[in-house]
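You will see two complexes here that share subunit A, one where it goes with subunit B and one where it goes with subunit C.
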Partner chain A sequence: MKYESQSIAKLYFIAAIGLFVGQILFGVILGLQYVMGDFLFPEIPFNVARMVHTNLLIVWLLFGFMGAAYYLVPEESERELYSPKLAILMFWIFLVAGALTILGYLLVPYATLAEITMNDLLPTMGREFLEQPTITKIGIVIVALAFIFNIGMTILTGRKTVISLVLLTGLVGLAVFFLFSFYNPENLVLDKYFWWFVVHLWVEGVWELIMASLLAFVLIKVTGVDREVIEKWLYIIIAMALISGLIGTGHHFFWIGTPDYWQWLGSIFSALEPIPFFMMTLFAFNVVNKRRREHPNKAATLWALGTAVMAFLGAGVWGFLHTLAPVNFYTHGTQITAAHGHMAFYGAYVMVVLTMISYSMPIMRGQQAANAKAQIVEMWSFWLMTVSMVFITLFLTGAGILQVYLQRYSDTPISFMETQSKVEMFYWMREIAGLVFLIGLIVYIVSFFVKGEEVKMAEAE
Partner chain B sequence: MRETFTKGMARNIYYGGSVFFFLVLIGLTVDTVESLPKTDNRENLTEEVAAGKRLWEINDCIGCHTLLGEGAYFAPELGNVYTRFGESTEAIKGFIKSRPVDGIPGRRSMPQFNFTDQELEEIAQFLKYADGIKIARDWPPNIQG
Partner chain C sequence: MKTDETQLKRASDAALTSLLNLTILPVIGFIALLLIYRKTRPGDIDRYHALLGIQINIIAAAVLFLVSTLMILLGGFDSPWTWVYVITYFTLVHTVFIVFALWALVRAWSGDKLKQA
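Now for the complex of A and B:
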C-alpha cells in the first residue's frame, strides 16, 4: 500500500461483504417463498424480503464502489486522501442509516415506516429499488456528496489519470441521476419514465464507467501492461457504453404509455449495448495475455477475467435476448427479466467489486497477495458462486420461456397463478442453485482466514 | 489495438459520443413528455386516483406485482386487472378485502391490509386509471397479463 489513507477501503469492504451475506440470505428466503408460498407469512411477506434483498444489494455495491474509490484514488493521484476523517465519518453514517432502513423494513409494516418517516411531506417511497424512506434518500445524497467532494479534491489536487477521471465521472453521474428518485409525480407514466433515469442510467450508464475504470486499474496492477494501451481501451469501452446506453434507455419505454418510436430507438440502441461488454472481455483477455509480470495474486486475475466474461453474458447476451421490442412484447415482466437481472448484476457489479477486494485486501493486510492456500479457497468460491449463478440464470430462463408460452403465447393462455404452479420445478432447481451460491459465499469469507506461506512477486517491477 | 487508432481519437469518441447522445436523450424526453397527454389517461387522474397511487406505494404493492410489466414477478400483472376482473372496481375491492390474515397454507397469498372502504375505492380507482393508459400494441398480449 503506497498511501496510509487507502486503508479506509478495508472498512468499506468489510461492511460490503457483511451486507452481501444478508442479501444472499434473503435471496434464499425469496427463492423458497416462490415454491412454498406461505413461508414466513405473514411475518416477512415476499415484498418485504424482496426489498431487503434488492436494497442490500444496492447498499453493499455502493459500499464496494466507495471502498474501491478510496483505495484507487490516492494511488492514482499519488497523494493521501483529501480527508480520511470525512471518509470514516461517512462510513458510519451510511452504515447506520442503511442498517436502520433495513430494520425498518423488517420490524414495522411498510405503511407504518412511511408514516414514521413522514413520507407524505415528500412522497418517494414504494417504487421498485427506490423503496427507501425519503429521509434515507436524503442521507444517501449527503453521503454521496461528501464522498465525491473527498474523492474529487484528492483527484483534482493530485496526479490526474484517465482511470481516476473516468471513475469520478461515473460517481458524479451516480449522484446526479439519483436525484430523479425525488421526483414522483401522480401521473403514472411520467413516474415510470423518470424512474428509469435513476435505474437505467445507473446500471446501463454511469455504473459502467465505474466498472470499467476499476477493472482497468486492477488490470494495470496485475499485468503491468502499459497505461497508454489500457487507457485507450477504457475510453473506447465507455464511449460505446454511453453511445449505446443513453438512447438504449428506450428499451424500457416500449409498454408504459410512451410514444411508439421508442420501440425502434430502444431496440436498435439497446441491441448495441452488448458491444462495450464484449470489448471489456476482449480487453481483459488481451492485456492478461500481454502481461509483463507474473503477479502473485492469481485470484484477482481470475476475478478480473471472470467479471469481463460474466458481465458480457449477463448484461450483454441475456440483455439482448429480450431487448428487441417484438420479443419484449412477450417477455416483458416475466422470469426472463429476473434471469437477466441476476446474472447482469452479479457479472458486472458484484464481480467487479470482488475483483477490487481480491486485489487490494491482501495489500491492505500487508502482503502482495493472499497466501497460496487462501487463494485456492478464494478461487473455489469464485467457481461456486459463478457457476451457481449461471444455473440460477438458466433455471429462471427456463421458467421464463415456459411462462411466456403458457401465459402469453399459446392459443389457450392460462392465468398467472396457474402458470406459476406449472413451472414450479424450475423454481426448486433455482433454489438449490441459490443454496450453492450461499455455500460459495461462505467459502469466500473463509478464504480471508486461511493461513499459509506468503507469496511474493517473482521478478522486480 | 492498432497504432493508427490513438488514445486521443478514443477520447474524442467518448466525449463527442456521450455529449451528443445525451442531448438526443434530452430532446426525445421533451418530445415524449409533450406527447404524453395523448396516451397517459391524465383526464382521469382524479384526486381519488392520486390517493390510490399513494396507497399503492406505501404498501409496496410493486414488491410482489408488476404494473405495466415493471415490478416483482411474484404476483399477477395489475395494469390490466380492471379489464381482467370484468371492468368492475367492486371485484377488485372484494378481492383485496377477502385476503385471509394468516395466508393460505402452502400457497402464495396477498397480505390482509385492513383498508377502509374509502382506501379500497382509491386503490380500485387507481388501478382503473392505470388500465386506461394507452399502451403500444395494447400490451399485455392477452388478458392474463
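Now for the complex of A and C:
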C-alpha cells in the first residue's frame, strides 16, 4: 500500500461483504417462498424479503464502489486522501442509516414505516429499488456528496489520470441520477418514466464508467501493461456506453404509455448496448494476453477476466435477448427479466467489486497477494458462485420461456397462477443453485482466514 | 519463423471476420474470411488464424444449427419445451463460441497461436 489513507477501503469492503451475505440469505428465503408460499409467513412476507434482498444488493454495491474509490484514488492521485476522517465518519453514518432502514423494513409494516419517517412531507417511497424512506434517501445524498467532495478534492489536487477522472465522472453521475428518486409525480406514466432515470441510467450508463475504471486499474496492476494502451480503450468503452445507454433507456418505454417512437429508438439504441460490454471483454483479454509480468495474485486476475466475460453474458447477451420491442412485447416482466437482472448485476457489478477486493485486500493486510492456499480457496469460491449464477440464470430463462409460451404466446393462453404451477420445477432448481451460491459465498469468506506461506512477485525479466 | 506486418494484419483481419461471422455479419463474414484464407501460405501465422476461424465457424454452425434443428424435429415445433431447450441452448453455446473467437482475435493481434509456441 502506497498511501496510508487507502486502508479506509478495508472498512468499506468488510461492510460490503457482510451485507452481501445478508442479501444472499434473503435471496435463498425468497427462492424458497417461490415454491413454499407460506414459508416464514407472516414474519417475513415475500414483498418484504424481496425489498431487503434488492436494497441490500444496492447498498453493499455502493459500499463496494466507495471502498474501491478510497483505495484507488490516492494511488492514482499520488497523494493521501483529502480527508480520511470524513471518509470514516461517512462510513458509520451510511452503515447505521442502512442498517436502520433494513430493520425498518423487517420490523414494522411498510405503511407504518412511511408514516413514522414522515413520507407524506415528500413522498418518495413505494417504488422498486427506491423503497427507502425519504430521510434515508436524504442521508444517501449527504453521504454521496461528502464522498464525492472527498474523492474529488483528492483527484483535483493530485495527479490526474484517465482512470480516476472516468471514475469520478461515473460517481458524480451516480449521485446526480439518484436525485430523480425524489421526483415522484402523481401520473403513473411519468412516475415510471423518471424511475428508469435512476435504475437504467445507473446500470446501463454511469455505473459502466465506474466498472470500466476499476477493471482498468486492477488490470494495469496485475499485468504491468502500459497506461497509454489502457486509456485508449477506456475512451472508446465509455463513449460507446453513453451513446448506446442514454437513448437506450427507451427499451423501458415500450409499453408504459409513452409515445410509440420509443419502440424504434429504444430498440435501435439498446441493441447497441452490448458493444461496450463486448469491448470490455476484448480489452481485458487483450491486456492479460499482453501482460508484462506474472503477478502473484492469480485470484485477482481470474476475477478481472471473469467480470469481463460474465458482464458480457449477463448484460450484453441476456440483455439483447429481450431488448427488441417485438420480443419484449412477449417477455416484458417475465422470469426472462429476472434471469437477465441476476446475471447482469452479478457479472458486472458484484464481480467488479470482488475483483477490487481480491486485488487490494491482501495489500491492505500487508502482503502482495494472499498465500497460495488462500488463493485456491478464493478461486473455488469464484467458480462456485459464478457457475451457480449461470445455472440460476439458465433455470430462470427456462421458466421464462415456458411462461411466455403458456401465458402469452399460445393460442389458448392460461392464467398467470396456472402458469406458475407449471414452471415450479424450475423454481426448485433455482433454489438449489441458490444454495450452492450461498456455499460459494461462505467459501469466499473462509478464504480470508486461510493461513499459508506468503507469495512474492517474481522479479521482472 | 518471422512474421511480417502484412501477415500480422491479415491474421488480425481473419480473426476479426471470424468474429463478425459469429455476430453481426453471418455469411458475409465467412465469405470475407475465405477470401483472406486464399491469400495465405501454409505455415504462416495468417494461414493459422484464417484456418482457425474457418474451423470455429464450421463447428459453431454445425453445433448450433444441427443440434437446434434436431431439438425442433424431436421435440415438435408446437411444444413449449422445444423452445425452452432451443433458445437456452442456442444463446449459451453461441456466446461460448463468441468468447472463444474473442480470445482468438486477441491472440492474432499479438501474432501468437492459441497455445504458446
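The working rule: the second predicted complex is superposed on the first by the 459 of 461 C-alpha atoms of A that agree within 3 Å, B and C clash if a C-alpha of one lies under 4 Å from a C-alpha of the other, contacts with A are read in each partner's own complex, and residues count from 1 in each chain.
What we mean here is this: a contact is a pair of C-beta atoms (placed from the backbone, for glycine too) under 8 Å apart; a residue touches a chain by one contact, two chains touch by 3 or more.
None of the values given here were measured: they were computed from a predicted structure.
Visitor: Would subunit B and subunit C fit next to each other on subunit A once aligned, or clash?
Guide: Fit - subunit B and subunit C, as placed by superposing on subunit A, sit side by side.
Visitor: Determine, under the contact definition given at the top, whether A:Gly67 touches first (subunit B), second (subunit C), both, or neither.
Guide: A:Gly67 contacts neither subunit B nor subunit C.
Visitor: On the chain A superposition, what angle, as a multiple of 10 degrees, is formed at subunit A by the C-alpha centres of subunit B and subunit C?
Guide: The C-alpha centres give an angle of about 100 degrees at subunit A.
Visitor: Scan A:Lys290 for contacts with subunit B and subunit C and give back first, second, both or neither.
Guide: After superposing on A, A:Lys290 lies in contact with subunit C but is clear of subunit B.
Visitor: Name the chain, either subunit B or subunit C, that contacts more residues of subunit A.
Guide: Between subunit B and subunit C, the winner on subunit A residue contacts is B.
Visitor: Touching A:Leu402, do we find subunit B (first), subunit C (second), both, or neither?
Guide: In the superposed model, A:Leu402 contacts subunit C only, not subunit B.
Visitor: Going by the contact rule set out at the top, does A:Gln33 touch subunit B (first), subunit C (second), both, or neither?
Guide: Only subunit B is touched by A:Gln33; subunit C is not.
Visitor: Go through the superposed model and pick first if A:Gly266 touches only subunit B, second if only subunit C, both, or neither.
Guide: neither
Visitor: Can you report the least C-alpha distance between subunit B and subunit C in the superposed arrangement, rounded to whole Å?
Guide: 8
Visitor: Using the touch definition from the top, list the residues of subunit B that touch subunit A in their complex.
Guide: For this pair, the touching residues of subunit B are 1, 5-7, 10-11, 13-14, 17-18, 21-22, 24-25, 28-29, 31-33, 35-36, 39-42, 45, 49-50, 53-54, 56-64, 66-77, 101-109, 111-113, 129-130, 133-137, 139-145.
Visitor: Touching residues of subunit C toward subunit A in the complex: what are they?
Guide: For this pair, the touching residues of subunit C are 80-81, 83-84, 87-88, 91-92, 95, 99, 102-103, 105-107, 109-110, 112.
Visitor: Flag every residue of subunit A that touches subunit B in the complex, lowest number first.
Guide: Residue list for subunit A touching subunit B: 33-34, 36-38, 41-42, 45-48, 50-51, 110-111, 114-115, 119, 123, 125-128, 131, 162, 184, 186-190, 192-193, 228-229, 231-233, 235-236, 238-239, 242-243, 246-247, 249-250, 252-260, 262-263, 265, 329-330, 332-335, 337-338, 407-409, 413-417, 419-420.
Visitor: Quick one: which bits of subunit A touch subunit C in the complex? Just the residue numbers, please.
Guide: It comes out as residues 278, 281-282, 285-286, 289-290, 309, 312-313, 317-318, 321, 394, 397-398, 401-402, 405-406, 410.
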